[in-house]
Each structure stands twice: as structure tokens, then as C-alpha cells.
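Should a chain be cited, it is by its letter among A, B, C and D, assigned in written order, with residues numbered from 1 in that chain.
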Amino acid sequence: MTGLEADLKSVEAAIRPGFALGGGPATRPRGTRGFLPRGESLAVAVERLGDDLDHFRREEGLDTVIVVNVASTEPPTELSRDHERLDLFRRVIQRDRRALVTPSMVYAYAALERGFPYVNFTPSVGVAVAALQELGLKHHVPFYGSDGKTGETLVKTVLAPMFRYRNLEVLSWEGFNILGGGDGRVLADPRHKRSKIRSKSGVLPSALGYTPHSGVGIEYVPSLGNWKTAWDFIHFRGFLGTKMSVQFIWQGCDSILAAPLVLDLVRLTEFALRQGEAGLMTHLACFFKEPLGVSVQAFTDQFRLLTDYVARHTKNGRKSPRAR
Amino acid sequence: MTGLEADLKSVEAAIRPGFALGGGPATRPRGTRGFLPRGESLAVAVERLGDDLDHFRREEGLDTVIVVNVASTEPPTELSRDHERLDLFRRVIQRDRRALVTPSMVYAYAALERGFPYVNFTPSVGVAVAALQELGLKHHVPFYGSDGKTGETLVKTVLAPMFRYRNLEVLSWEGFNILGGGDGRVLADPRHKRSKIRSKSGVLPSALGYTPHSGVGIEYVPSLGNWKTAWDFIHFRGFLGTKMSVQFIWQGCDSILAAPLVLDLVRLTEFALRQGEAGLMTHLACFFKEPLGVSVQAFTDQFRLLTDYVARHTKNGRKSPRAR
Amino acid sequence: MTGLEADLKSVEAAIRPGFALGGGPATRPRGTRGFLPRGESLAVAVERLGDDLDHFRREEGLDTVIVVNVASTEPPTELSRDHERLDLFRRVIQRDRRALVTPSMVYAYAALERGFPYVNFTPSVGVAVAALQELGLKHHVPFYGSDGKTGETLVKTVLAPMFRYRNLEVLSWEGFNILGGGDGRVLADPRHKRSKIRSKSGVLPSALGYTPHSGVGIEYVPSLGNWKTAWDFIHFRGFLGTKMSVQFIWQGCDSILAAPLVLDLVRLTEFALRQGEAGLMTHLACFFKEPLGVSVQAFTDQFRLLTDYVARHTKNGRKSPRAR
Amino acid sequence: MTGLEADLKSVEAAIRPGFALGGGPATRPRGTRGFLPRGESLAVAVERLGDDLDHFRREEGLDTVIVVNVASTEPPTELSRDHERLDLFRRVIQRDRRALVTPSMVYAYAALERGFPYVNFTPSVGVAVAALQELGLKHHVPFYGSDGKTGETLVKTVLAPMFRYRNLEVLSWEGFNILGGGDGRVLADPRHKRSKIRSKSGVLPSALGYTPHSGVGIEYVPSLGNWKTAWDFIHFRGFLGTKMSVQFIWQGCDSILAAPLVLDLVRLTEFALRQGEAGLMTHLACFFKEPLGVSVQAFTDQFRLLTDYVARHTKNGRKSPRAR
């Protein structure tokens, strides 16, 4: 721990004021107002964040910066026509129409505009906005998301195909998550929780091929700290209509599960960038609950998208990324 | 149920005295001696069982008979040189050396000798004996086993690859099964239980790529009847050495889970026979805990062996089996 | 089952139109309107229900009728001054002020007014209304409630004292219930659910002596039919601040658990009536989630109230109830 | 932790060579032979251990020493006539008949002979030997045991009475414990495990009033360290023969659960000694899995033995123990 602490302290200076306006009620902790530049317009914020990224790249002597969104989950955003085309979305920024913009969009915009890849590890909207994907493609930058698949949903996408392959009909799949920490505190707000529940419950229909009765509960239990416990009850029907069940109980530490995925995403994004690839990195679907542009939800099938990608790059004789 | 009952009654007449000598202590219920022909030699038993199969085929006007072993689990058998070659094994039968032979071998021998496919749905040795595989190949007959993968082990081979793909090290995988019924009663005998535990615990090393601490408990709980409850506790280590866990509780009815697998195995075996195929049907690995001749244990990979087989047969323009 | 069916058919004729107005949105199934007398005033309904009870008593040649409320849970009712005194509540009935009255009150009123004991097996308000208790006392009738303690809450009040006796601090107690059937369908409505959650979550503070973080979830899962599964996660702190946990999973059939309690309540109420007792039957606290007039929630302590009552009656040489 | 470490270091000097002969195969770690005085007779060992206790008392300026057995579980001992009377048991010691004596007896003998109370927190035989109880009474010393009730068995004796009070028939109660640490390592030896299983499974018949099918499994899972996970499955039958179930999963740290019980036992034993009490301290039954001289197993009833004891001492105006 002492080693980690020193490492973390050394990058403390690189931390800059962020952007949180429109991030939802639960992400407005006391003192935030003082931290954020007052009265800043969207256009100015985008410039400022882009400058910070550029500055960081130069200071650290890096080729590029990979931007990964691990901020608190935003409430769901209703997307309008203005989100569909880059020119319209640019106008939204210029005219400072804040009601249409969330922090995950602002960061994605700032990153992609400067040619930096953007990965959305949260259920916030981020690069799911078509206009931002257009921006990424324009600058020929790879990007991806949404929402890192770390625990309960991972098990879901691993188990669900079993029922399909064995022709066991899932009648109900009920999940109940309890967690503490900052993540739990934010998700205790029903508006924020809605984003998470959507990304968690969306996986079953695709993995099973039909939509069973299903529910996802999330409750904030402060005593659990960074740990999460999830209980899932799966009711299924077999031969001669017999009802059976399987339950699982997942007890994991979310940040510990997320960290190595974030590291791998950064490495794989950097590799894609170096290969000259751009756009949705669909080969990274297995990392996400809502993999953009991929309808496959069965985990093993998603993993094959990654191994196929690796195989393609190895066969083509391209250089694999140097160890670092 | 009434419909089923009538169907079952109508085939009652086809039931013939069996062979149970050497099947282990727990398969000797009272009255068995009266049921089995007294003092019958192995050679005579093999002939008698073969005649019964032939008779059944003729009576029912069938092309063939698929023999599926769903009898009680035998204790593990130590295989000797005599089991390795058909000529030596034939001599074992002729010389009536009963200590070397179990019912599953006798049935496999009787079936294959008459050119009938044999599928071993139990952890008994059956067609795992090399001499019997030689016999099956000689008569150009398909055969396979061992031990139908219906419940806890199915979940194991579905979940285990997840840990591998996410680079989460499984430290311990402890399973505890409680079940009633005739199956539970036989497995309550430690000698019989040993066969089951071997087939249940063998799947992890191959599915994970290493051998974690693991245990499999099986206890007979009469009140459960035909139902089984399995509790599995999986302890694993993630980033920075953090220990986490996942548990699952499986509550299923074994016969209900087994029946459709047996039906599908019969159909797929009949298809293979009709295609002129012979030997180990490795494309059926996903049905078994110990798939003969297949080292892959990850369920999805096993399932692909089946879908690839189907694809091959479809592409080649061969006739698919008629619906029956 | 056939025996039961005949018994139930034989009492079918005794079933009369009921009263459901103000019972909440989820208790208004299609066709109800046709079933309930149209445009009936509260005063008339009370008379009608009382007449039905009297008629039933005479027809069956009984000494009395014990009225037990097992109807669907009503949404919580806000009690006003009008509910506090019998004279005011009578005026509410006379003036047909329906907004202040729920079915559980109407039935309690009808029963007690005719001198029939009333037991409320649901979380609906019923005889918790002070004016109705005044009515019961006026007619010298025993009454009690509320909400039969059949499953998850029973285990809660059995387990909670353990933590107190061992000085283990409960940090969080999270319960999650899934159930099907008519009960589940009604509780799926958030307004109805609120009554249930209140009666389920109220037990901990009294049983523990302090109020831990706690949550109670209830979800309607149609495939479960009459069965309920409850998962409870209890996080507690021991020596040197070490956090530990215990979870339980309850899988029961609510009607099967409720039926014998209802039978015993009827017997014990009839016994109390015959002993000339009246008012709150606090010795029946162990049957209820919200025992009226009893603050003790530890199950064993509640059970002692019953055994003490039995001991008192046995010692006093009073006649025990005849077997029937 | 640093504070604790210093405290523990300060008493290190008081640690003396022990006695482990006959303690079972799993308590013979490498090097033990060098640690134990070679060729020491039982009589000499008893003297030596008694001298060590006396020395410790004097050095620390204490009135007495309370001896608590928290050593590894010994295999079960068959008790003979020689264990029944003090004079015979003394002869066993004098004649150095080691096959009849285990470490827990030797320590109990050494302590009681010097007038020091002895508490057995393990399932080893200790003061359950009649001859040793005779010795304790002769010196007018309080003593008690056996086997601290810290986790799974505690929950068992809390839950079991619920089934009795609700007239739900327990059909089967299956428990499965996995644990690491030194305790787990010793219990991995089937001979040692037998003692533990006996003390764990003995509680149900008394708590329920009949003997259901039950099993207790214990497995050593090194990765769990000092933590234990227990899964209990309770199958029960309710109204109309309906089978239902409840499961619990206990995840606790055994040493953390044991430590405060040991502290309380020391305080309560010191109090009893100061009150001039001697013999079995049956009011401490709630601390033990096998409370000597008490047949009550329902936890709440056991706890009342303690509160009644406290009430007696308070009412009698005796001095309560000074805070220390």
C-alpha cells in the first residue's frame, strides 16, 4: 500500500478542476461549486478540458492520452435530434444549451476534438451520442463503451447462455445488489439508479433470445464500503414443465474488479490507435454491459471477438504492442 | 401424468432380467439374487443380453437399438492390461473372470458386439475401456460417454472459464451436494460415491488451466426425494491480491434434467449411425462430465463442437435426420 | 386434495358479496363492481355484513363467529381524530364519509358491533383503529392483530435477539422478498406495498434495542405462484470492529404457513371468548408482525407470553377448550 | 494493531513449554519433540505445569489464574472406569499410563489440583472426565465446558426452537463448514474432525425434541485463513405435508468471535470463584456447544440461565464484580 500511496501522490499535481454541471443531483457534493470555474460556458469548458489534456500529454512526454470515464453515473439523458449530427451538437455547445449536455458528453467532446481516444466505463451516455461518434471518426480516433462489466452482470452474461444451450426456459431472473462507497451513495438517488438498472437489465434478452420476467434492485448499504453483494435468483422451467432454480451470491470489491479492466482497456486502445484504427472498438465488447454496436451479449461470444482481433493482428504480421 | 403412465405401462412387457454382478455393494438390493439368473457365466450373460436387444429390435420393428446406461453408479474399477486389448478382454469374458468385469462393461460388450451403439450416461467405466472401444470400431458403431452433465457440474463448466478470461485466480472451489432418491441412496455408499466425485471434480483443471484447491461433497438426504441441492463456494483472487467470492445454489430435479439429454443423445447417436459414422462421438462432449477423447471442459467450447458438427453436416448437403 | 376440494365446495354456498371500496387500486379486479352492491352506503354495508355473519352463525348452529381478515393488503391509511373515538367514528359511518374508511375497518366494525371477535391477519389497519377497540371493549369481545408472522419476519425476530445477546452490532439488515400469486400481484402496487414494508421493517428496532440500516424489498414474480423466496443479508460488527455477515434464504409457501396459524388463532380466540376475556389478546403477540399493545419483538419472549397465558389458565383450574 | 502487538510481546516471556502428548496426529507439528521436555512422565508434567501456573500468578501479583483451554481439538477419547473416580485417575497419572490421558486432561488436572478454575473452550474431553470434576469439587473450584459456541452452532440453537414453536417438522438439517487457519488444518484430520462433528451435531435433538436427519461436514480450505463459511440447509414440513426450506450462510472470523466469549468466561469464572462457588458453572451453558450438566440447547433458554444467575446475585445483595 505504501508503494501505491507514493505513486498516487506523485500524480496529484496533475489533477485539474473538472466539469460536473448536469451530472445529476447526487453528484453535487458540498463545495463543488467552489471547485468548478464559476459561470463558465460549455464552449469554454470544452476548451479548458482539452487544454488540460494537451498540457498533461506534453508534461509527461507522452504520444497520446487515453481518456477513460470512471466518474459517477449520470441520470439517463433523453437524446434529441441535436445529438444526432455533429454540426447540430456543435451548435448546442456554442449556444451553451446546458440542458442538453451532460459531463460525460463534455469530456468525450473535449477528448475526441483533440484527437484523444475516449472510453466510457460508466452507464452515462458519453460516446453513445451519435454526434460524438461522428467527431471521433472525423479525427480518426478509436472510442468505446459503455459501462464496465465487472460483477453481477458479468456472471449474468456467462450463465444466461447455459439456459439457452440446454433449452431450459428462464421464467424469471431477479437480481438484488447492495453496495456502499461513493458509487452506492450516488446510486441511492433513484434518478441516477435508473441508468444503472437499464444497463444491467438489458443483457438478458439478447443473451437468452427472449425476454423473461426480470428485475434489478440496487440499494445503498453504507457499512459495505467498497464491497458489493449481489443475490440473483433465476427461476427456470425444464422437461415436462418442471420449475427449478439457481441462485448466485457475488461478493466482490468493485474498484478492485474495475482497475485491471481499465488498465487493459487503456493498453488495447493505445494499441488500436497505433495500428491506425478508428471508431467503435467492437472487439472490446466483453468489457462492457452495453457494448456499442454489438448485439451479442453471451460473454464467451464477446470474448471471441477479442481473441479473433488478436489473431488477425498476429497473423497479419503487424507488430504487437511493446511490453511497457 | 396419466398419459405418461399409460405409455410406460405399455413398454413394461419389454423389460428383461438384467445383470448387476460386480456393480458394487449399494446396487445389491434385497431380492436381486432371485431376479438375476443364478450361476450364469459372463459369456452366457453377454449372449443373453445381446439376444434380448435383438429380440426387442425385431419385436418393435426397429432398424437399430441405442443402448444408454442410466443404471446406478458403480464403484471405480482398476483397469488392467486385460482391459486394453479386445482379444485379452474376450478371454476375460470366456474364462469368467468376474473380478475384472462390471455391469457397465457387460452391457457395452453385449451392445457393441451386436452392432448397437452404446452411450454411457453414468460415471461407471463402461466404454472408457479401450478393449470395448476396439470392439465398437470393429463393428463400425458409434459410442460415447461418460456421465451426463445435468446440474452442478454443468454450472461449473459454464462459470469456470469466466475466471480464466478475466484473469481472476480461483483459490478454492468447494461444492456440496445433497440429494435423495435412489441415486442418493447408492451414492451414500463411499465406494460408489468415489466414482461420482472423480467425474465431478475432474472438470476444473482443464476449464481453468490449473488446479485450484477443490472439494466435492455428496450426502444422501432422503427427504429431498428426486431433488438435488448443490451449494458451491468459489474463492478467487483479483487485482492487488484481493480475495473475493461467488457462491451458487442449484436446486434441480435430476431425472427431469437428465431425460431430455438422454432423448437428444439417442437422436444424435441414431443420426451418426445413419451417417455411417463410428467410434467416439466427440461432438457430444457438452453432454458429459468426462467426455471421452476430449480435453476441453469449458462448456461453450464443447457446445461449439456440436454446432460445428451440425454445420459440417448441413454444408455437405447430407440429409439431416427426419423429424420423428 | 380431493377430500379438501369436497369440503371447500360444501361451504361455497355460504360465501356472500363483500365490501372492497377504498381497499386500494390493486384490489379492484375486473368485475368487482358487479359483485359489490351498487351505491350502497357505509351504514348499509355494515348492517348487511353483520346480517351475513349472524345468518351464517344461525345456519351452522354455532355459538359465535370468529372474523379473521385475510384479504389483500390495503395501502396505509392516515388516521385522524375521527378514528380515535367511537362516537366520532360512528358519525363517519352514518355520514358515509368513505375517504376515511377502508374495508378492514368496515369488517371489524360489522363483526365487533354484533359481538363477534375480530382478528386481523394482514397489515391493513383493521382493529388498530382506537375507535374500533373501544367498540370491541364496549361489547366485551376479544380482538387482535396485525399481520400474521409466517416467514421472513418470523426468522428476523428469531435471529435478531442472537446479535443482542452476543453483543454483535447489526450494521445493516437488508431483506429482499420475491413472490407470486394474488398476494404478490397486489403488493406489486407501490401503494399497497408500503403497508407491508412498514410491518416487516418495524420489528428490528425493538428486537435489537437500536435501529440499524435496513431495507425491505418486495417484488412480484409471477412464476413463483404461491411460493415466496426471501433473501436476507445481515452485516454485523464484532470484536475489534471486525465486520462479518450472515445471510438466509427462506423458501416457503405463504398460504401453507398461514393456514395453521389462522386455525390456532381461531381456537385461541374462541377459548378467550369462552373464558369471558375481552380486548387486545396480547398473549397472541407471537403470531403477528405488529402485535397490538406489545412492544416485545423477540420471538421467544413473545412465545413466553403465550405459554404464561396457558400456564395461568391451567393453574387456575379453568376448563381447557374441548377438542373439536 | 500496533497497540495489540506491543501488549502481546510483553507477555511473550510468560509462555512456557506445554504438553501435547496424546493430543492426536494433527497436533504434532515439526519440532514439537524438541519443544516438549523429553521423556517426562505424566506425574512430572502435571507438577511442572502446576508450578508454571503458580509462578505466573506470583510474578503477576494475581489472586488466582483462570485456565482456559483454547488448544487444538483432540480426537475423541474413549473413557474407561479409570476416568470415573479421582483415586483411579490419580493412579493412571502415577503409573504413567499415557494411552488413557490427553493434554486437555493433563491441563485440567494441573489447574484444578492447584485450586485454579478450568474452562474448556474446545470439544476436547477436558473436564468432562468425572474424576477431574471430583478433583475440582475437592478443591472447591469452579470449572466448565465444552466447546465455545461461536458461529454455525450458535445460529442452529437460535433457529431450531422456531421450528418447534411453530410446529414445523424438521426433516433434514445439513451443515457444511469450510475454514482455513490452524483450526482448519487440524480438523482436516478425520480423527480430530470427529470430536468437532460430535459437538456440532449434538445440539439438534435437544433443541427440537426429536432427531431429524442431519449431517455436518467440515473441510479445510487454506485460502480462507482465519475465516469460516458455513452453509446450512434445513428442510422442513408444514401444513398438509408441504415441504419447505430455509438456508443460511454464515461468514465469520472464528478467533474474533471466540475472543470476547473467552474474556467474558474469564470474568464470570473469576466472579464465581470470588462468590465462593464451586463445581459446574451451568449458568454459562449459553457459551458452549456441549454445556456440561445442562440438557437445554435452545439458545434463549440457555441465556435465561445466565440472566437468572445475575438476577439472583443482584437480589441477594452480593457485591457485583468490580470493574477492572
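As a working rule, a contact is a pair of C-beta atoms (placed from the backbone, for glycine too) under 8 Å apart; a residue touches a chain by one contact, two chains touch by 3 or more.
Because the structure is predicted, anything quoted here is derived from the model rather than measured.
Relative to the C-alpha centre of chain C, the farthest chain centre belongs to B. Of all residue numbers that take part in the contact between chain C and chain D, over half occur on both sides, making this a same-residue interface.
As a whole-number value, the distance joining the C-alpha centres of chain B and chain C reads 53 Å. Between the CA-based centres of chain A and chain B the separation comes to 44 Å, rounded to the whole angstrom. Distance between chain B and chain D, defined via averaged C-alpha coordinates, is recorded as 47 Å. Looking at chain B, residues 245, 247, 249 sit in touch with two or more other chains. In summary, the structure contains touching chain pairs A-B, A-C, B-D, C-D.
Interface residues of chain D, counted against chain C in their complex, comprise 154-155, 158-159, 161-162, 165-167, 238-240, 242, 244-253, 256-257, 259-260, 286, 298-301, 303. Per the touch definition, chain D reaches chain B in the complex via residues 171-172, 174, 176, 178, 213, 215, 217, 219, 221-224, 229, 231, 233, 235, 237, 243, 245, 247, 249.
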